[in-house]
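Each of the next two complexes has chain A plus one more chain, namely chain B in the first and chain C in the second.
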Partner chain A sequence: MEKIYIICVEDQREVLNTIATQLSSLDQYVIIEECESAPEAEELIEEIDTKGDFIAVVVSDHVMPGKTGVELLTTLHNDQRFSDTKKILLTGQATHMDTIQAINMAGIDYYLEKPWQADDLLHKIKILLTSYIIQKGLNYKLFLEVLDQETLFGLLKQTP
Partner chain B sequence: MEGKGNKLSSFTDTSWLKKHFFSNPAQKVLLKKGETILKQGEKNDRIYYVASGKLSGHHQPENGSILLIFQTGADAVLGIYSFFSPDGCSYTTVTADEDTTLYYMSKANLPAKDHPDHLLFSEHILPIIVNEIYLRQMLVVRNATQMEVTLKKLMQSEKLATLGQLAAGLAHELNNAIGVLQNKTQWMTDRLKTIFNHKEFDHVYPMFVKGLEQGQHCSTAEARKRKEQIKKTLKIDDRLAKKLARINLTDDEIQQIAKQNQSTAIEEMDEFWEIGMALHDMQVASTHTTHVIRSIKDLGSQNHSNVQACDLRLTFKKSLSLLSNMTRTISIDLAIEKGLMLVAREGDLIQIWVNLIKNAAESLVNAHTPNPSIRLVSELHQDSIQIQIIDNGPGIPHHLLSTIFQPNVTTKVSGLSFGLGLGLSIVQKIITSYGGTISVTSQAGRTAFNIQLPKA
Partner chain C sequence: MTSQAKNFILSLVVAIAIVLIPSQYFPLAQLSVIEQRVMALFVFAAMLWVLEPIPIYATSILIIVLELLTISTSGINVLIDNQGDHFGELIAYKDIMGTFASPIILLFLGGFFLAMASTKYRLDQGLAKVLLKPFGTRPKMIMLGLMIITAVFSMFMSNTATTAMMLAILAPVLTCFDEKDPGRIAFALSIPFAANIGGIGTPIGTPPNALALKYLTGENNIGFGEWMAFGVPFVIVLLAVAWFLLLKFFPPKAEHLALEIKGKFMTSRKAIIVYVTFGLTILLWLFDFVHGMNSYTVAMIPVAVFLAFGIITKEDLKKMSWDVLWLVSGGIALGLGLEKSGLAAHLVNSIPFDQYAPVLIVAMAAILATIMANFMSNTATANLLLPIITAVGVSVMSLEALGGAKMLILATTLAASLGMSLPISTPPNALAHATGMIESRHMSKVGVTLAIVGLVLIGILMYVLNKVNFL
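So, the complex of A and B:
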């Protein structure tokens, strides 16, 4: 069975721990990876892609040393191989320009403001995971436990 | 207010008027020093010509202090305004500053309309009237400009004061909230420690303590590497190996696990480690928040805090924690020697560092400088401490270097930041108040602010 990855990128250790803990209920079905910087995430993403596995969702902080979250997600957005990968941007203090850039350049799917609610993040991730799995034509039945039912039904109705 | 001399402009020739109107000995007035010739608000139907001496005119507003309107000397003309104005009242009280000789003409002396002198009088008095209007206009402009400057200054100092009060209020509110979180975290940690330190938890208690004391010890990259090793050693799946990898176990401990019912044991160990780690993170986060709040408070209450011996390095640390968000993408080299003490208000020092580091950080970020860095260096001299704040940004434009410490000079053209152009002028003011100096050298790739503060 192909492996599905969710990648979390956040330079602040405690915040990264929090994301990982909040997503731990998914880890029986998908692999949650943690990265402390954008370059680390890029390296890992290459590795996963080489093995032929899937990257369903990338959750990234915005302000990080070296490369920002928007830059990371923009790189990903412009890469054909990851055109279906869902992107969530976390941010503590977004200015108007950052927001515009994130939407226009990085094609992000969801914008989450810090501090966020665990339920909110988990719910969004499930929705995005569901549409990724359907888009990729993967066997969704193997993942039913971690999919968003409403999204799933909606998508199944559309695809004959 | 500075009164300008009521001198007539050069194209005004008073000789004709003097000869025809201001030379009658019967209309000559001698004023002793301190005597008054015109009174504000009183009727005046004379024009005075000053033959010699000095006078000044004052105006007293209804609810205000006396303002000096003009000072004047020989060859000037007085009373033009009240003589020609509709209400005929003097606008100022005119007093002799020294013994003064005046000649006057009254309305009765005015030539009749059909008299040839009528036209000549008009011709000669006109430049004097224009001059009077000009002087009054200048006064209005000067006052308006002065008012604008004063108002601006007032607004700026008010803005800063408000900001300080706001910061202090905010700090107080946040302190209460964070205090609760910090104390309850501590309480919960103590409680759980007691509960878990029990026979039935013997095998997992060390994991709880490890999480509590170390948090997640290794980097994510290290954890991934370690996971692969553990996967091979214990022949377990990815998910479990990952859990073990982040706990930072010794090889011995891993060997122990190999003998047990692996998956249950690992799940349980991880669970207890994670509880410990969560408490650890809560403590780290609340401590960090407390530091930030304290720094904000120090900044806001700078005027109330006392002069005391301050640890220089500590003031830099506090400043950096205030700016941590802004400087996250910048590598900061804190090379301030340990144990250097300065006698100062801590808030003052923090305000200086914050301003200078913030400027450096903003220029680095705005210029997208590759490998942005700020170096903070100290050097101990015989009777002073030299501090340098050096960045590798684009530098300060050459034409601004000489004016950079003046108020209202700013390189920040746009943005949400406080680009009032006051920062460096305040910094210089504070440094000067301690008998220190600040200077700057700047070229592309290296801008250094040098601060010299006397040792106590």
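So, the complex of A and C:
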């Protein structure tokens, strides 16, 4: 059975821990991975893809040493293999230009500004996870507990 | 090893054991090799559908492929050559493959086209809005309205899609309810129950009904309109019972409820074509005695119209629920194997059904169907039971007085739609349970009561149908 991953990228350890804790209610159903830099995330993504598992959501900080979050998400966006993978940019220091780039070049699905509400992040991730699972044709019945109902009902009613 | 792999291997081992046991150990005289293989296949399919180590539609395809390999005229040579005594008749491979394009499948495909086009052109939302208006703002009445709309829609759309649509409408309202108001539970339960019950109303309402048509051949044949003539009254009564039960068990405390349905009827040319075609198809289904086309032929008309006008596009075509169609194909193929090999008749003849009171046989069949359907897919239940039940109906003479095979098939089919007491019983139940508004025990409380009432109603319905010489 293939596994579903949610990847969190953030260079500050404490913040990364916070994100992971806020998502911990999902970890019975999906695997939450923590990465401290973009290259580390890319390596992990390759590894997961080779195993044939699924990367549903990538949550990334923007300002990180080396490769920035927007750059990471842009690379991901341009990779056919991850065309369905959902992208969240979680940042407090993005400039106007960064933001434009995030939308136009990285095709992000959601922009969350720091500081953020735990509920907000969790809710958004559930929505994105739901559409990912339906898009990929995975068995949604196994994930009902962690899916966003509104999104699920909306998508399901379109299939006769 | 995962539990899924274990369950698959267990099923496979049991199936192989059945093939390998020497035939004289079976309590069936003169069991042919082919019959023995079909028996193994039947048990294999039953175990896979119950334990679900692989998706239920995959089991169906597995049945078809295994039949082709082991009992068809185009099977593996070492398995089908050197026929000794008691080998039995091979089944034509074209007949097995033909199950993919059985008229039943095409009838369902027609239903899918209607459902998809009506969702795409907002016929469903528009209708829901118009139909709900007269029910006012009192929660009890709104619930009745929602249940009627859900039931009517699920007669033509899949029960799952209908439930998803109605829950999407209902969900924002439910969150406004006071947390302690039992009405929340009543509302959340009303949708899946209404969807499951509504499916009984037409031959395309739910796959078991279409499958029943497969077995209702010759003089037992039933038209679309004939089915609705008894199906719809049955739905109305059971729906009323469900409404009453929900209000009794979980009376809503709120005084007012405002339900907002977004979306209006569309007015584009394509939308008009959809609305007209939808109405016309249903009229053609109902008035088959006027024009002579059977329901299968009629079902192809919307398919052609919607494709020709670009209402259903190539992308939409890919989104059709082929899994449901193939699930049914596998059931038809299993039935074909059981019938053509002679195993169904053989099995039934070896059990002295004539010694039992005919009423008892019907009751047992219906109760068995309901119990099975609670724990596995309703369609899989029908896939497994209907071939055997048909053989019973045809061979047990004492059933004639009650309506014969036709009555037994109908009773079993309707009973297969009554399995709705657990979240796993049907997809609508699972979706409603996922709202978090209801606990399993709430669902069971109403579901079990409804099943018992439903079974009694089936008894009454069959009695009446027999009295009016329909059976």
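We adopt the following convention: the second predicted complex is superposed on the first by the 160 of 160 C-alpha atoms of A that agree within 3 Å, B and C clash if a C-alpha of one lies under 4 Å from a C-alpha of the other, contacts with A are read in each partner's own complex, and residues count from 1 in each chain.
In this text, a contact is a pair of C-beta atoms (placed from the backbone, for glycine too) under 8 Å apart; a residue touches a chain by one contact, two chains touch by 3 or more.
Keep in mind that this is a model prediction, so the values were computed, not measured.
Enquirer: Do chain B and chain C fit side by side on chain A after the overlay, or clash?
Expert: With chain A aligned, chain B clears chain C, so fit.
Enquirer: If we overlay the two complexes on their shared chain A, which of chain B and chain C does A:Q117 touch? Say first, second, both or neither.
Expert: After superposing on A, A:Q117 lies clear of both chain B and chain C.
Enquirer: Can A:N78 be said to touch chain B (first), chain C (second), both, or neither?
Expert: A:N78: touches no partner chain.
Enquirer: Is A:E150 contacted by the first partner chain B, the second partner chain C, both or neither?
Expert: The second partner, chain C, only.
Enquirer: Quick one: classify A:Q28 as touching chain B (first), chain C (second), both or neither.
Expert: Only chain B; A:Q28 stays clear of chain C.
Enquirer: Touch test for A:N104: chain B only (first), chain C only (second), both, or neither?
Expert: After superposing on A, A:N104 lies clear of both chain B and chain C.
Enquirer: Does the superposition put A:N139 against chain B (first), chain C (second), both, or neither?
Expert: second
Enquirer: Once chain A of both complexes is superposed, is A:M64 in touch with chain B (first), chain C (second), both, or neither?
Expert: So A:M64 only meets chain B here.
Enquirer: Given the superposition on chain A, which partner contacts more residues in chain A: chain B or chain C?
Expert: Of chain B and chain C, B contacts more residues of chain A.
Enquirer: After the superposition, pull out the minimum Cα separation from chain B to chain C in whole angstrom, please.
Expert: 12
Enquirer: Using the touch definition up top, name the residues of chain B that touch chain A in the complex.
Expert: Spelled out, the residues of chain B in touch with chain A are 215-216, 219-221, 223-224, 238-239, 274, 277-278, 281, 284-285, 325, 328-331, 416.
Enquirer: Quick check on the complex: what are the chain A residues that touch chain C?
Expert: 1, 139, 141, 144-145, 147, 149-150, 152-160
Enquirer: List the residues on chain C that touch chain A in their complex, please.
Expert: Result: residues 2, 4, 55, 111-113, 115-116, 119-120, 124, 157-158, 160-162, 164-165, 167-168, 171, 319-321, 427, 430-431, 433-435 of chain C touch chain A.
Enquirer: If you look only at chain A, which of its residues touch chain B in the complex?
Expert: 11, 13-14, 16-18, 21, 27-28, 31, 33-36, 40, 44, 63-66, 68, 92-93, 95
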